[in-house]
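In the part that follows, the structures are each spelled out as structure tokens.
Heads up, the next two complexes both have chain A, just with different partners, chain B and then chain C.
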Partner chain A sequence: MTLAASDTKDDAAEPAIENRRGFGIVSREGAAVAATILFAALALLPLLASAIDDPFLIVTATRIMVFALAALALDLVLGFGAMVSFGHAAFLGIGAYSVAILSSHGVEDILVQTLVALGTASLFALITGAISLRTSGVYFIMITLAFGQMAYFFMISLSAYGGDDGMTLWNRSTVLGSDVLESDLVLFYVVLAALVLAFFALRAVVGSRFGRVLRGTRDNATRMRAIGFSPYSYQLTAYVMSGAIAALAGVFLANQTEFVSPAYMNWQRSGELIVMVVIGGMGTLVGPIAGAIALLLAEEWLANLWEHYKLVLGVLIVCLALFTRGGIAGAARRLFRGGRHGG
Partner chain B sequence: MFNLFILQALNGIQFGILLFLVAAGLTLIFGIMDLINLAHGVLYMVGAYFVAMFTAMTGDFFLGLAIALPAALLFGILLEILIFRRLYERDHLDQVLATFGLILILNEGVKMIWGAAPMSVQIPAILSGSVPLIGFVQYPIFRIAIIVAGLATALGLYVLVNHTRTGMLLRAGATDGPMVSALGVDIKRLFMLVFGLGAMLAGFAGAMVAPILSVEPGMGDSILILTFVVIVIGGVGSVRGAFVAAILVGLVDTLGRTFGPILLRSAMDASAAGQAGRTLAPMLIYILMAVVLFLRPSGLFPARAAAV
Partner chain C sequence: MAGEPHLEVEGLSKSFGALRVTDNISIAVPRGELHAVIGPNGAGKTTLIHQLSGQLKSDFGRIRLEGADITRLQMPERVRRGLARSFQITSILDGFSVLENVALAVQARSGSSFRFFARAASEAALNAEAMEALARVNLIDRAHRTAANLSHGEKRQLEIAIALATGAELLLLDEPLAGTSHEESAALVALMQELKASHTIILVEHDMEAVFALADRVSVLVYGRIIASGTPAEVRDDPAVRAAYLGEEEAA
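Moving on to the complex of A and B:
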């Protein structure tokens, strides 16, 4: 009798949605170990780059880590809050434009630029999030997409700051007057440090009481309301945090490419961020980082092979959505568990 | 100034009609199958390519259109069988991913088949030129034809949805799909039909703009976003809401782009007004959407008031 009762309880504790999300896929400790190994490997990458004499490796790795940071930010709302934001590229763009616009007015310090980027992105997230979160499901997806496009068209028509052509940065941001970021190696380690910091900060956030409410809302919003929580403010806070971190990624993106254009805010960019999170396994924090590495490397590799590589990428994404619920991590988990919960 | 207003209002209505044709199918698909289809804009593009190809093959726009429409319908049904059928039961994230992948495939596929360079279609001889409206105001016949064809389609849809057995099933399906299925209706066939119809309507819109816009890869992406705005304002699943919202969005966007800078000029100096107007005008419809959502989170005409 007690056995049967606990069995049903176990089933209830793992709703269908859990098959693809949350620490059910990768245990909390497992995620931290995987991330630490990943970060250590990245930290040693410059040694490899100098050994095989390929400085471009560092540039590529920096770019990948920038997107990993943005994907990590998206995981907070997508993986832990079940909010499918299709407008996250806007925050990337806000970060990048904060650097470009301030720098064109002579403000080149990265600390000032980052503060402005975080402030602007938080404000944008607060306003658009407050409106978008009044709805849910399909509406939420469409509205975040529309707000993302609004930001995109705004920058396209803002001809004072390059408009459609974008802006070239004459030099990278300075740190307290010094131009250390001009070195690709220094920028690499700065971005890596930001990624590591963001990972462990978000891990703490997700594990905190705030994170538990957020995850509870993801799994069952009605129950959370029934036990006296108001999910709205928690979701909005997560949305603002996520937007601010994505803007930080934008600050680094501008410095890495030394060029900023509205294309960074294109909705296809938002779609790619979602793909990164889902490939790697959403709600795991380490997954999105792995997903960013996988997607961008695959893109780079396919682009060299075939002019129409996007076709192959599209087929892969469709197959990913149709056949591997929960991305690579979910497929691996079903393999190990032998479909105990019916996949 | 008044003449300009009339012209731009007509342009706005014509734009709104096109948005409606794309939005009508999409809102039905949302409402009935609870499916978010990002690839609907690509169907608009495919329609434009079909008409460009068949017009070039037959040498006649109307003949090309007559072949392009069933082709778009079949293409929609093919996609439904291959991909969308598998997505109805999935959550929205899977739908977003699969249809996002489909956009990449179709945009790139179009580039492979027809090349990346824009294609153009000649305006048919009977519909070229313009007619005088009031006084000196001239308006292109082809744009009037778009408005008329769009209104006729809207009327046809209205009759189909409200006064036929199929329409009754559609409305019932939008309210409670499982119940319709339980009552013995082949809901799979109904879904396939809705999807094909939606694809054909989007293809029709694409076919009609082919002579006045350039036909190019990615042309469906921008209209998709506007269609979402239309659906959000009109209310998911409501064809009537889509019509009102489409005309509203078409008018606000077109008039805003023309008169925004002019209105601002009375408040500030000319160059600043021009700059601010050009920057703010494209944002007007999104602001409109935000306001509507703030006041009525489920749109102007919610089809399922309780569900959203």
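Moving on to the complex of A and C:
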């Protein structure tokens, strides 16, 4: 067949339309451009920080990027797999506790800590995912919530490692014996690098054969079964990948705050991650990063203005959900649509 | 293989609560036959398709595909063995391009889908096979459209292209003409006429003109039971069928 459609540069193939549930409404190139601008701006942030002499800016930005990484991880299952996991904070906690617990036993190398974090989180995701994915819809939400809370209460009752009080890290992780991470600036760039790497890796995954099966299942599971796919193993794999990446965010979180407590794992934290993904734009990859930035900055500013800032934040979130279909990423796309759309 | 039917159904039944939707259905469909299943609304036709495709578990009975018992297999496994279905209510991936809808069906039978990095939409081999299926249903010029933007008739054609792309030799077509205009329906009938040469087909359809033009054999389903089965001419002349079904059509 000569018309072999190999002209797949045509990215009409990518879901550039607004489908019913508002998933993935940003075109591939648009997302890449937006992300590249965002990453470049972040990379230059330390310059701004030194110009205005505000070192705390770097600390805040690092914290935001850590949550952006976790939100990115959640988006793989939530935005691309339509699996609403309400227990993703558990993975964040597993990552953070891997650092704190190993560190308390004298294992301070970040590579070892990360390997343990990824391994533990993958195992936890494999077991809880295998069970949770037997259900769907609201039941999936409830069961992931339950597993998340189990992890939370487990750490509360584990008094050997601080229990309810949490654990303080006496120093940050080392890298092959060096203590470079003690510098906030180095940690900032390490987290930024991880975020950029995760973004482009997930971008490839989402467009791959595997990602296409995942997206197809999100849109119409019956159709996927009717062409010969059994979605379960694909969904479970995505869940494990997502859990592992969230645990990586946890490793950085522990290093950033130098303190770990069960509060990282409770359901409010899981809810915040969902909010970041949804207000940012689920199924877009650049959305969750924007969502994390927006939510945490709004929190930061509002908290300075008024002690009951959560009330205002709640109203803001409601408005975002009501008036920006597809979240921040969707709104941005509509804003730029005139110039670039349909090219 | 000579005498073995492509699909053989024996005593298939399904109840929802006290309601027997399909009741002791037996059909044998030889290779290359187009077997139409007709019957009034609520006769159990779609339920039968669900049971044959594996979307619904049967309460009783056996289904054999080329002699092999597939009664206990799930829908994806049946597809991999060469039995694919289309849906009465269009079921496509609305947000994907037409080409990707079909390419996914090719992907399902072409190597592992646990590949995480190479871009699936750029896989020339998958796309080439998908284009062949699209060519058969005359949708080539729509390949890069978003599936949601197709006309209703085109969506019905896409349904069939997807089923073809699974590589299945036996197609279960559930009312492919549902809701189509006169021209759209003529195109689909011509398409099915062509497919008869390469595929065994079980066709559920309300359009009697189409059924009698296409079918080698017809089974009439009323309240979940097959009340008559035979060539179109035999069925047309069957008094029970006339009373139960055709009579009202002709009167209308």
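Here are a few things to note about the model shown:
Quick note on the criterion: the second predicted complex is superposed on the first by the 295 of 343 C-alpha atoms of A that agree within 3 Å, B and C clash if a C-alpha of one lies under 4 Å from a C-alpha of the other, contacts with A are read in each partner's own complex, and residues count from 1 in each chain.
The rule we apply is simple: a contact is a pair of C-beta atoms (placed from the backbone, for glycine too) under 8 Å apart; a residue touches a chain by one contact, two chains touch by 3 or more.
Everything quoted here is computed from the prediction, not taken from an experiment.
Judged by the touch definition given at the top, the superposed model places A:T222 against chain C, while chain B stays out of reach. In the superposition on chain A, contact is made by A:R209 with chain C only, not with chain B.
When the shared chain is aligned, chain B comes close enough to touch A:G314, but chain C does not.
Of the two partner chains, chain C is the only one touched by A:Y234; chain B is not.
In the superposition on chain A, A:P55 contacts neither chain B nor chain C. In the superposition on chain A, no contact is made by A:G30 with either chain B or chain C. Contact with chain B, but none with chain C, is seen for A:F147 once the two complexes are overlaid on the shared chain. Comparing the two interfaces of chain A, the one with chain B and the one with chain C have residues 17 in common. For chain C in complex with chain A, the touching residues are 53, 55, 74-76, 79-80, 84-85, 87, 91-97, 99-100, 104-105, 107-109, 112-124, 127-128, 130-132, 135, 140, 143-146, 148-149, 162, 165-166. Interface residues of chain A facing chain B in the complex, by the touch rule stated above, are 17, 78, 84, 86, 131, 134-135, 137-139, 141-143, 145-147, 149-150, 153-154, 156-160, 267-268, 271, 274-275, 278, 308, 310-311, 313-322, 325. In the complex of the two chains, the chain B residues touching chain A come out as 30, 34, 36, 38, 83, 86-87, 90-98, 100-109, 111-112, 221, 225, 228-229, 231-232, 236, 275, 278-279, 281-283, 286, 289-290, 293-294, 297-298, 308. Only residues 1, 3-6, 8, 10, 12-17, 19-20, 23-24, 204-205, 207-213, 215-216, 219-220, 222-230, 234, 237 of chain A touch chain C when the two sit together in their complex.
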